[in-house]
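What follows is chain A paired twice: with chain B in the first complex and chain C in the second.
For the complex of A and B:
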């Protein structure tokens, strides 16, 4: 930048700037300058505007069979990413089609799914079964996959989870994780406790634990979704799976006597839970179970990530016992993860072909063989060789279960779950006596959200 | 942002006390009280940052078993792991590719507008400035859907955007950031330019300098302090921008570094010490820019805002 040349004082000209004309040439030069600046920024931006394919070759969508694959695990974030990347690579190896992987971290992917699907989605993307899938099917944003069903090795329970309101399938399951009551084997052995088989066993166990100054249940409600697990299991034990599904779809009322009974039962169980749960994350609750301060923890099987290695090897679990003999204990939460084909994707045919393969036992094995921590494959034909004892037991438990729910926030409208029910459950934990007020408030908002 | 706010608070404090002292409002004792109060406030501001810094050097296993009030478990692994797991190399580059053009473009365009607003007296000048400022008051969230839909409909050639539209391209982010920052920059720059003596322009006119030359060779060098101050601010703001990046981008490898911080959290499990280390890494470039240009920041801003 040149400094203005200063000259000797001159008599000032009294022509105001606004009157004197603007030189045409200088405007042109100015425009050139602006153009150069734009061009400079442009070349910078263009440097990395191509998506990185997971395998060699160009982005997906060009050649027939090539596919774009959006996954909800950030690149290099751990075993979950490794599995998905390996599955994509195995598809390339098998068919020669390129898979361009678009890796976004889990929470961002989930939170921006609406703009993702309306913008420029990948052909196939990772998603969840249940209402969360069905609402996009309803909106016409994901493709009908009924022609690739039935999938070899997928049970009817999985087909049901992949089916939307219109009776067609829009989803391909790949894995699941069960919610159950986890405990440390060594702690149970030391105190002579066994897994409770009946409600009486269960109550006796709770009392005995309290007598020995061990809090029976580790409990955390700072992650607002965590208490939903407790609500779900009590609801399914007291009212059954069908009631859970109707309730989450708005066909049953939240202020009904059935739901109130769930809260009443929970209220009697609250003294057996860790206190001050609203300020505790699930990781802290898992830690207190690992330390032996708490006897048990009702959580998803991801609880192993939250405890130190030695405690993780010591973990075992049982399903929540029956609370009502006529209902039994044959339902549980086991959220299913899998894949959908985006209606807005560039190549429907390639997407469907890829989705079909993703459901196969071969795909599940490819993922599990590449990762230090295997998932529990939805396909019954998948190898269980890499499973640890907890996963082998999970398979057994889920296969024995008559009905599988997806978890409260996956079975219902996301707005209802995340803004209404979470708050209501936290209010209940704060003031367990106000059951009427809490249920009435959920029902009122559920009616307006679910219509 | 909290870091910069603290820093400006502490650096501005002595300057304020000094000028106030000259006019005799604050004596020494009162000055000491003021300093103490400001010191305490600064500590309250800094505490969470220092706490994060402290825990970023400790292993998660140690803090998990011994609690966060313990001392020990020192490690540098959090930084190593955060760097590789968060792919910070790639995402810092993305942030650079967004921030630098956006800041340059904002400053260039707003200085053009500011020059016209300050030097010429057209009838609609004030209205124009008002419009620029009004746009500043609009919350960006309110424009989310229109901007998203608009960008989806604007086609770009393949070599500019692999998605074929403005979505998922850095162009979109550069434009959006420029648009939202223009108002503020124009306001500050035009106020600053109004403080330049009119005689300079008269003599330039006499020497036959064109309007362009008056802008580029006369005004621009003179407003350099203001430009430097604005550049500091804009780099901080655009670098820290999170909202538009998550809305307009859906490619994991294109996210700027603020959005990439989420890579350190899993679906359920979050290693808080690792996240702390990642946050420190993300905050560093802004702090460096701020401390390097600190002097301009304080002098430039006060100069621009008190006149006009």
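For the complex of A and C:
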């Protein structure tokens, strides 16, 4: 048969934009080029949704200058934004200096941070303590704040958390939240359970819960950071805080017998955890605990955001019991949030003055008074009047802790934490028998990344 | 002789072009060329160069030449890489089989102007309009282990998104749900363009429906088939959005594109390593592009 003359309609009309136009891949590829780097940082700096125009020239005469303030909470995103906005407003009220707030969505802020800091960043921005802060200090992206330390009301533990490898401070803490084992008081009362004080109590509790057809631990690992909390607490109970710090800094090996012991212990505890954790978000796990299907949940105190109001009022917590008498139970994860001054910011003096004030009890109070949900202030001088019972207990627990770790992914090299350990922990949950293979794989990659 | 005259004529036309025309033509060629070089070729070349380095993205002075180390690491000690290659290939094969055939069948059925065909067209095409982020969310309502529709209805406890032995297939079904409507629309457009006299001729010759389709209609739609082929290849290589919103491309949903993002976007700043992954992706894409161009050029030469 000869080729028919009639053809279909011009096919090019049916090609979607995704095929012919700018697609994700070209953006990705573009992001590797310098041009896109500048563009990305520019857009982040430019999206100041509610900036009050800063009038120049405040610095002299003792009056602090106007500052630009980058925050990792989008406008209207809830109590976290309200607190930061109130803190900024209180500074203006007190000093007369204008604070231009650049509010960016939490995850977007975090994912754009490297390009943001290299573009034209705000003078002061919200950030986290730990390696995540230290790596920017090392790269010269954030300013030395050692001249504003010590800050009234900040304990040595917080000063330590604000200190980078070179022994200088680069960070001002504002709040923190502990990781602990949360449970519903009513469920414990009904079943006659009490908070375990020792490892024997703890194991007996787990067995009793399982006997009563309640899964002892709610567990979620869809978010790759979530299982890190379990690894951290087991590591600190079995090997201690110092080992945690040395491991995360790359001074101890990931295939060492100590790390293997953590995984071995975790393996024995896995049957007491909710199954199918890899497809579950922490909110879903929190719901299982709220419903009483699970007895406990090891998570940060933000767990209250994942349960209904009546369950939130019913929550209580205890710290993970000791697993080794010689190590004890005096270390825990309590990630600290706070502020840094960007080296690339326009006005260093104004930024530092603002940062110093941000660490004060006054700033913490301004934030907490403006919000329905208070944070736990790092400054010991801050008012605790608005704290609920959970927050009061958190303060006590953290003050009693001898050492405070940030979190596995806040203490570790970001490349290692985000691309290697996340994968490895999920693999472990899938194949708990392959501990040798998994630890060896982490160590190989750690050697390649850190070496 | 004849061709000679024509050539001379065309030369005369060229001479008549003024400097204005030259400027217009020059800028029409020059501007796109500059843009393509600046936005496509330079970044691509930079990726290739960066793939032989280690760089944390902070200072250009910190770029450190490491040779082929990134590639060696990827192939030997980076556990998600080989699964990612396998998943991309499965993705490609699956899109070729299920949504393409289903889309074609739907198009043939809907082309018969049956009652309510416009309604069905809209219904099948609707998912294409939705962004993949939304598709992921909609299917989350079906797939959620504790609160999802499928487990609720069938009383099963399958962890659709979390169990690495099923989640790829679950995601492929969700993708197909969207992709089928797209393929259907393209074939529908193709079928509308087929000359009705061809069908009549086939009918006169006594061919039945099935034979008419496979021996007359399908061969006539060759350009459409080429388009579908290209779309399927591109869609499966650039597959990203759905796995990214589900679990950032981990735990059974590894894809090359997701691995690139994990290493480069976000807090991890393994620019060299990520670039090496991107280059591998680029090479794989080029193979398919080369095959496609070969076919297209051969077509044109005929």
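In this text, the second predicted complex is superposed on the first by the 387 of 451 C-alpha atoms of A that agree within 3 Å, B and C clash if a C-alpha of one lies under 4 Å from a C-alpha of the other, contacts with A are read in each partner's own complex, and residues count from 1 in each chain.
Just so it is clear, a residue touches a chain if its C-beta (ideal position, glycine included) is under 8 Å from a C-beta of that chain, and two chains touch if they have at least 3 such contacts.
Everything quoted here is computed from the prediction, not taken from an experiment.
Participant: Identify the partner contact of A:426: answer first if only chain B is touched, second if only chain C is, both if each is, neither if none is.
Facilitator: In the superposed model, A:426 contacts chain C only, not chain B.
Participant: For A:415, using the defined touch cut-off, is the partner it touches chain B, chain C, both, or neither? Pick first, second, both or neither.
Facilitator: second
Participant: Thinking of the overlay built on chain A, is A:403 touched by chain B (first), by chain C (second), by both, or by neither?
Facilitator: neither
Participant: Based on the superposed arrangement, let me know which partner A:103 touches: chain B (first), chain C (second), both, or neither?
Facilitator: A:103 contacts chain B only, not chain C.
Participant: Once the structures are superposed on A, label A:118 by its partner contacts, choosing first (chain B), second (chain C), both or neither.
Facilitator: Both partners, chain B and chain C.
Participant: Does chain B (first) or chain C (second) touch A:132, or do both, or does neither?
Facilitator: Second partner only.
Participant: Quick one: classify A:186 as touching chain B (first), chain C (second), both or neither.
Facilitator: neither
Participant: Just to be sure I read the superposition right, which of the two partners does A:302 touch: chain B = first, chain C = second, or both, or neither?
Facilitator: Touch partner of A:302: chain B, not chain C.
Participant: Touching chain B and also chain C: which chain A residues?
Facilitator: Comparing the two interfaces on chain A, one with chain B and one with chain C, the shared residues are 1, 4-5, 7, 9, 11, 15-16, 18, 23, 25-26, 29-30, 33-34, 37, 111, 115, 118, 287.
Participant: Would you mind writing out the residues of chain A in touch with chain C in their complex?
Facilitator: Within the complex, chain A contacts chain C at residues 1, 4-9, 11, 14-16, 18-19, 23-26, 28-37, 110-111, 113-115, 118, 132, 139-141, 221-222, 224, 275-280, 284, 287-288, 414-415, 417-419, 422-423, 426-427, 430, 441, 444-445, 448-449.
Participant: What part of chain A is in contact with chain B in the complex they form?
Facilitator: Where chain A meets chain B, its residues are 1-5, 7, 9-13, 15-18, 20, 22-23, 25-27, 29-30, 33-34, 37-38, 40-42, 44-52, 59, 70, 72-78, 80, 102-108, 111-112, 115-116, 118-121, 282-283, 287, 291, 300, 302, 305-306, 308.
Participant: Under the touch definition given earlier, write down the residues of chain B that touch chain A in their complex.
Facilitator: Touch residues, chain B against chain A: 61, 64-65, 84-87, 93-94, 97-98, 100-102, 104-105, 108-109, 112, 119-122, 148, 152, 159-165, 167-171, 174, 199-207, 209-218, 220-221, 246-247, 250-255, 259-260, 262-270.
Participant: What does chain C use to touch chain A in their complex?
Facilitator: Contacts found on chain C: 38-40, 42-44, 46-47, 50, 56-59, 62, 69, 73, 77-80, 143-147, 157, 159-164, 167, 182, 185-186, 189-190, 192-195, 198, 219-221, 223-224, 226-227, 230-231, 234, 238, 240-241, 247-248, 250-251, 257, 260-271, 274-275, 278, 281-282.
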